[in-house]
Amino acid sequence: MQGLRETFRRDQVWPFLAGEQNKVDVSNQMILYVEGLNLSFDGFKALNDLNLYVKDGELRCLIGANGAGKTTLMDVITGKTQCDSGTVYFGQTHNLLTKDEADIAQLGIGRKFQKPTVFEEQTVFDNLELSLKTDKRVIQTLFARLSPSEIDRIDEVLAIIGLKELRFMKAGALSHGQKQWLEIGMLLVSDPRLLLIDEPVAGMTAQETERTAELLTSLAGERTVIVVEHDMEFVRSIARTVTVLHQGSVLAEGTMDQIQNNKDVIEVYLGEEAAEA
Amino acid sequence: MISINKVSQLYGGTQILWDLDLDIVPGSITCIMGRNGVGKTTLMKAIMGLLPIKSGEITMGDEALHKQSAERRAYAGIGYVPQGRDIFPMLTVEENLRIGLPVRKSKEIPEKIFELFPVLKEMLHRRGGDLSGGQQQQLAIGRALVLEPKVLILDEPNEGIQPNIVKQIGDVILKLNEEEGLTVILIEQKLGFARRVGKEFRLMEKGRIVAADKMENLNDDLIKQYLAV
Amino acid sequence: MSKLINWFTEGRSSGKYTLPFVVLLLAVTVLASAANLLLPQDSALYVSTYSITLLGKYLCYAMLALAVDIIWGYCGILSLGHGAFFALGGYAMGMYLMRQIGDRGVYGHPELPDFMVFLDWKELPWFWLGMDQFWFAMIMAVVVPGLLAFVFGWLAFRSRVTGVYLSIMTQALTYALLLAFFRNEMGFGGNNGLTDFKEILGFDLQSDSTRVSLFIITALILALVLLASQRILSSRLGKVTLAVRDAEPRTRFIGYRTERYKVWLFVYSAVIAGVAGALYVPQVGIINPGEFSPINSIEIVIWVAVGGRGTLIGAIIGALLVNYAKTRFTAIMPDGWLFALGALFVLVTLFLPKGLMGLYGQLQSKRRQNAEQEVQS
Amino acid sequence: ADTIKVGVLHSLSGTMAISETTLKDTVLMMVEEQNKKGGLLGKKLEAVVVDPASNWPLFAEKARELITEEDVDVIFGCWTSVSRKSVLPVIEELNGLMFYPVQYEGEESSKNVFYTGAAPNQQAIPAVNYLKDELGVERWVLAGTDYVYPRTTNKILEAYLKDMGVAEEDIMINYTPFGHSDWQSIVSDIAKFGSAGKKTAVVSTINGDANVPFYKELGNQGISSEDIPVVAFSVGEEELSGLDTEPLVGHLAAWNYFQSVETDENEEFITQWQAFTNDPERVTNDPMEATYIGFNMWANAVTEAGTTDVDAVEQAMIGQETPNLTGGIAVMNKNHHLSKPVLIGEIQDDGQFETVWETDGVVPGDAWSDFLPGSKDLIADWTDPLKCGNYNTKTKSCSGQNY
Amino acid sequence: MPVKLFLSFCLFLSAYITPALAASAETDALLQQLTQTKLSKMPAMVHQLEATGDESLLPVFRAWLAGDLHYTRDDNILVVEVDVNGVDTYQDPYTQATVAGLTSKQVRKIKVNNKLRGLLRGVIARIQLTSSDADVRESAVRALLADIDDETFATLERIYPTEPNKDVREMMHTALSIYTAQDQNSSQTVRLAAIDVLGDSLENDVRNVLFSLERSDNEVISNAATQALVSINRQVERYALVDQLFFGLSLGSVLLLASIGLAITFGVMGVINMAHGEMIMLGAYTTYVVQLLMPNYIDYSIWVAIPAAFLVSGLMGVVIERLVICRLHGRPLETLLATFGISLILQQLVRTIFSPLNRQVSTPSWMSGSWEINPVLSLTLNRLYILAFALLVFFALVMILKKSSLGLNVRAVSQNRNMAKAMGVRTEWVDAMTFGLGSGIAGIAGVALSQLTNVGPNLGQAYIIDSFMVVVFGGVGNLLGTLVAAFTLGIANKFLEPTTGAVLAAILVLVFIILFIQKRPKGLFPQKGRAAE
């Protein structure tokens, strides 16, 4: 353990000389380090000494019982929630715990929420435009113009999420499933390095689920994707490595087969039947 | 049990439900299926009285439901588990459950609910909004059961639920249906679950019911036609 | 510069009523001014100086309403203290005008305003220095409100004070300023404020031509502010603004530093309010702490709501309408006008949820529907 | 025009409605009475009422409206000094005529305004003299609402007291915001200040709304008029009608008029007023008398001048004499201020004042105080050859005129 | 002429008064003169009367002091005005027999001013030194502390040894010491002993005496006086702190009362209720009307006014909710606009009905005056009651919201109206009741405020800003927060005020709130949990 920590040293001699750089240093092939994370709410331990390492370009599935802390983990990574103790590093150099939501997003961490949240008063197109990967400072935004390539990109994404016809519809008027898609679209268009996707296929039909699976698989490699899902079929169809959380810490990690045959996992999560299937 | 007759509904200018007819078989579990955005949730809200309908009738037995307010419909015996759960976030789990008690004129939360969902007992004094998504889903079902409804509407109850609980919810639905004769309207996207639990199915497209039959007759053609993208 | 103009003209399509409205505004301004200056007093079309001054005042209010609408209607920041920025701008102008009196005050003191003389001040306080220079006073009229908005906004938005908490804090801000400016020790004339102005930039404030000029300048600046605001809000920044209004946390998660957007918009809005205040004072002839009163600020919000929140033209129309109603009602039915005004507010809320502009929109869509039905049949 | 228009510029809503509405009704009554007598110059009078709503800029706007749009011949209006200051430039620009009926801080004399309320020397100074001479007061609390009238009055009083040899530490000055309602600490401070072995009195320039809670607190903390008398300049019968005066008996006020003064004119006026308002309990007060005097003088001046032309009426006004309601004759002086008697009264349990002292004759109102360094040398004289509201007798010059 | 009058007076007396009670002829003559004397000459008369008169004159002095002593215009007969069920009637000063047929037009008042009142109090006190009631004796001695002349000293010295009551004796001892301490003829040691005694007293008059002794030429005496003063002042300061705390609590209780209603309509229901102040105002006017309806039972009027005000404001709240607020669900910001309109209408309504003038609300006698703990610390009763009342209302409300289903339902409705409906909650009823409850409580606050401040059309405006400030500072939706916030702001204000003055104190408190909210953006007691974000 000590050796491992030594390997993952991310100190620099003169950190302030490095200046502001959004480059993610993945020289150790790891893009996300989560170590010893603890978080409790009024005495309830939502995260309990949680460790998680994710390789660059990996597609990682995160499963676990309801309330295991998956969403909370994402909250901590994206700066929404402050943890009590622990460390979260993005690449070798970026300590996410010292950064706020906007910083983290600009570093290239995108997130899809469990409950779809979109800008309801704006059109589907505007929702995507806002999510574009651009300079997000005030003045720059004021004078920003959509470049042809950006428009193409948005069109492309609209096609992927099947909302081409509805591009000028107010996002608030979309159905639940459509909002799910739009949120995925917002993620895609922002071109992130690491995607945190919380329950993407909830409320989707089987075919849509399949399409989502394809989409996510195609994303992996170039990007790193962490998916939370309870739909085992879906997980099976995309998963390479699966991490199981339980009561705020990692219960098991491995390939889908390993996980499916893990007694503990079957007991607290899958149930007998699902394991057989 | 509930019959819906030529119901139309509009959001602003756009019509969502088009002269929709639907009969719910008493004591059965009817599964309503359809692609995203065809109007399933809208229909359920209309049944519950949370959305005004433009025309048509909704009756339950010989009560004309569409003339009644939503709260009267709760008293009439409809329990509703909405899509997205709609837990009262700042109320504790216990308070969430207590809300419905006056409908049954009782003072205590039926013990049966904690038997069905033991988590709720554990979390009794936490705020509903703090629960994880799955826990909230269980709370939402429990909350509806406090009403001891005759008809239970479940709008995608398995969204975000861990597999063993999904199974458990299925068991609960079946058990309530079999043991207490509860009529269930279930919106479900997952075929497996629908097949296991549902007795009847109704397929929706563009605000209309386009197919209705017993669950065993749900074949691949229908699925391809109405559920595939 | 040409880039800026380019940028400016580009966004025209998005606010399609803005340009016609500006043209209308300027046309009315020119006609009214001409009618005042060129026609004889007994002509049927003569517009009295009273009306001109009144119109000028309304336009200042309209600008103020616009300022509130920008942050409330578009960014969801309900400021119940915008009167403070307006008043600060007004005080800057008032101080300049006061200094212009020179030794023509009743005590004939060459430097001190009258109220300082009889309250026995010996010399001009430091913050009055330089206010005899028009340019300096005008800079102060935008810098002081802007700076206050910046400090307040920076503190509040950084700490993520939102919703009613923010609204009530803005109210506390203006209330505190109200109390402070009431204090005679502050050196702003206490409750009486600043009045008895004589001239601005050497022009007699009481002459018709000065009044008309002030009116025209106000209209021009209002038009400019409207166009600029429309352009800003139709840029991507405007979209971010709406996003902040509807789902601020979500906006942060896609990488926008929402607090900065809010601060700058707040400052922009405060500066507009300050300018409006500075234009207001020479036209009404007095500035006093009453302008800081929280009720005043609430009224501004109400103008916006009546006109239609989230539509710039609506805010302007709301301010004009409510103030015109007030002028008329207080003269026609001095004992019962509050009933009328109160009822107006209640009825507008109940029946015109989106204000007058919303009514316009409703009529439009109804007409469209009718047309569609005709086509179908 | 076939009528003579009388503008009424008093707030009917907002914070000042409490005081000003009464004055609007007074003018309406006077207009009605005058019309019963056949009007003026053979024409009927017509009152034009507007509501400036306790909003100071609105006062200016409404004054302009009255003069230019309604063509009124005279305006009766304003209560607070700030409203008057706001109206002043407009009246002077348009050469209007206004009667201002409220006691005020002085330091003003406009060609277009007649001041029928008391100047500080017609209220404050006599009151202080009374306290000192009759009650042996040696220690003074000057308590006021923080605005110009109390500030100026207290400046004058402070100078006056110091002239009389009162030491610095025997004067306590306290200011409170408008509508101040929690007087616990201040009243208790006053009590403490008053327990230093010297007879202490409070000179109150506390404004309208703050008075009720102030007096209630005095009563509750058991500060009786024998311990520490309070003499007020802004508390009249009308303010008392909103108060249970039982605990306040013996506190004082200085005015030029009390309803309780028994003269025939006053009795008639009260009867008229109660009939006009249809309220047999309705009280009268000093600003009403000031309005009454102003109105009568104006009517006489118009008759005398034979026109409503402002310049003619203005000249005719000077030297006008009309009976006071309290007996004696009020005279309009060259400085546009009145000569009036000064009365000091004690509050009674029926909400009235009982006169306990009065000046022997009338006191001429002083536009410019002799006790302020800035205005010692100023005088106002609107007759030829001076025709100046603020003539500096040292520099022999006149400044600040708006025309 | 005077002879004739005198004769008729005697006739009058003989007709109505039993000889035993009749005053001596000399006294009668003096009293007769009284009706003709100028105010400035009266003090001399008082002394003469005291010298000639005796205990039987007590009722005359008392009536005079109270301003009730009158004489008939026609024949100068002295009568006392008494209020019998709201009607002025006139009685004989000695027998209390009603003189029939006199109206207020037929009598004139015997004037009295502050100076006379002071004198009369002294006279009455001297007469009362021998009263049988110990409390009366004690206050008589206290009243005499201010000026103890030789005669009074002699009397006191005579009766002191026989005085049975300990407290009265102590007071007498103080009085005697005051005299001795100032007595140039006494020996220095005696005087020093007296000063020593005075050092234990908190009486105001004692301090006055010590102040003057401090200035005496005799250095020893002067030093002793200074020392006595130092020890007195130390105590006084300690009590002043208690006083200040009480002031703060009292101001806090007013803020609390003014804002609890808003804590419900705004805090729980989310209605930005600008008409809240007017609900308070309606409560205050209700108190006024109740007092009008029962002018002879002012002492009980409060007990009627409280429920009445609750009903009036509560019903008005229900009406407003049913007519306006209920149509604005989901548009919380627009409630600001509508309720502002309503507040304008209500203000103008009372102006039209009750006139723009302030209305007089009397304080019941049991609420007047103060609880005197010692001469330098007394707590005013009305504020004490209001403090208790505010706490009572607060806890009653907490109980209602905790124990009844209304509390749960209203929270559910405000969090998710549709879902509440689906759970069988009668949302419309809940809304109306809750708004009614909040408004009704505002009405009750109005009853309390009518005891402290103006009852006029602007009453509501004076409290609306403060109320919002309190609710927000405490944390919206948290009743306990409202309580703590109200008292915090009250106490802060009152502790600042002595050093900064009232205006600056108010400003500083506002600035403090603004800065505080930066630290805690959701108030003192923020709503917690995921949903609150």
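Each chain gets a letter, A, B, C, D and E, in the order it is written, and its residues are counted from 1.
The definition used in the following text is that a contact is a pair of C-beta atoms (placed from the backbone, for glycine too) under 8 Å apart; a residue touches a chain by one contact, two chains touch by 3 or more.
In this text, all values refer to a predicted model and were calculated from it rather than measured experimentally.
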| item | value |
| --- | --- |
| Shortest chain-hopping distance from subunit A out to subunit C | 1 |
| Where subunit A and subunit E overlap in contact partners, by chain label | B, C |
| Chain nearest the overall Cα centroid | C |
| Identity of the chain that, by mean CA position, is farthest from subunit E | A |
| Of all other chains, the one whose Cα centre sits farthest from subunit C | B |
| Centre distance in Å when subunit B and subunit C are each reduced to the mean of their C-alpha atoms | 52 |
| Centroid spacing, where centroids are CA-atom means, of subunit A and subunit B in whole angstrom | 31 |
| Whole-Å gap between the CA centroids of subunit C and subunit E | 45 |
| Where subunit A and subunit D are represented by their mean Cα positions, the distance between them in whole Å | 75 |
| Multi-partner residues of subunit E (each touching 2 or more other chains) | 347-348, 461, 503, 506, 528, 533 |
| In subunit B, residues with contacts to at least two other chains | 130 |
| Touching two or more other chains - residue numbers and ranges from subunit D | 12-13, 146, 177 |
| Complex interface listing, subunit B residues touching subunit A | 11, 14, 35-37, 41, 83-84, 119, 126, 130-135, 137-138, 156, 159-168, 189-191, 227-229 |
| Subunit B partner contacts - residues on subunit A that touch it in the complex | 41, 44, 63-68, 71, 114-115, 162, 173-178, 180-181, 199, 202-208, 211, 230-232, 268-271, 273-274 |
| Subunit C-facing residues of subunit D, complex | 12-13, 49-53, 55-58, 60-62, 64-65, 68-69, 80-82, 85-86, 88-90, 93, 107-108, 146-148, 151-152, 155, 177-178, 372-375, 378, 389-390, 392, 395, 397, 399-400, 402 |
| Residues of subunit C that touch subunit D when the two form their complex | 48-50, 53-54, 57, 103-109, 114-115, 117-120, 179, 182-184, 190-193, 195-198, 206, 284-286, 288, 290, 327, 330-331, 334-335, 337-338 |
| Residue ranges of subunit C in contact with subunit A within the complex | 7, 10, 232, 235-237, 239-240, 242-243, 245-247, 249-258, 260-261, 264 |
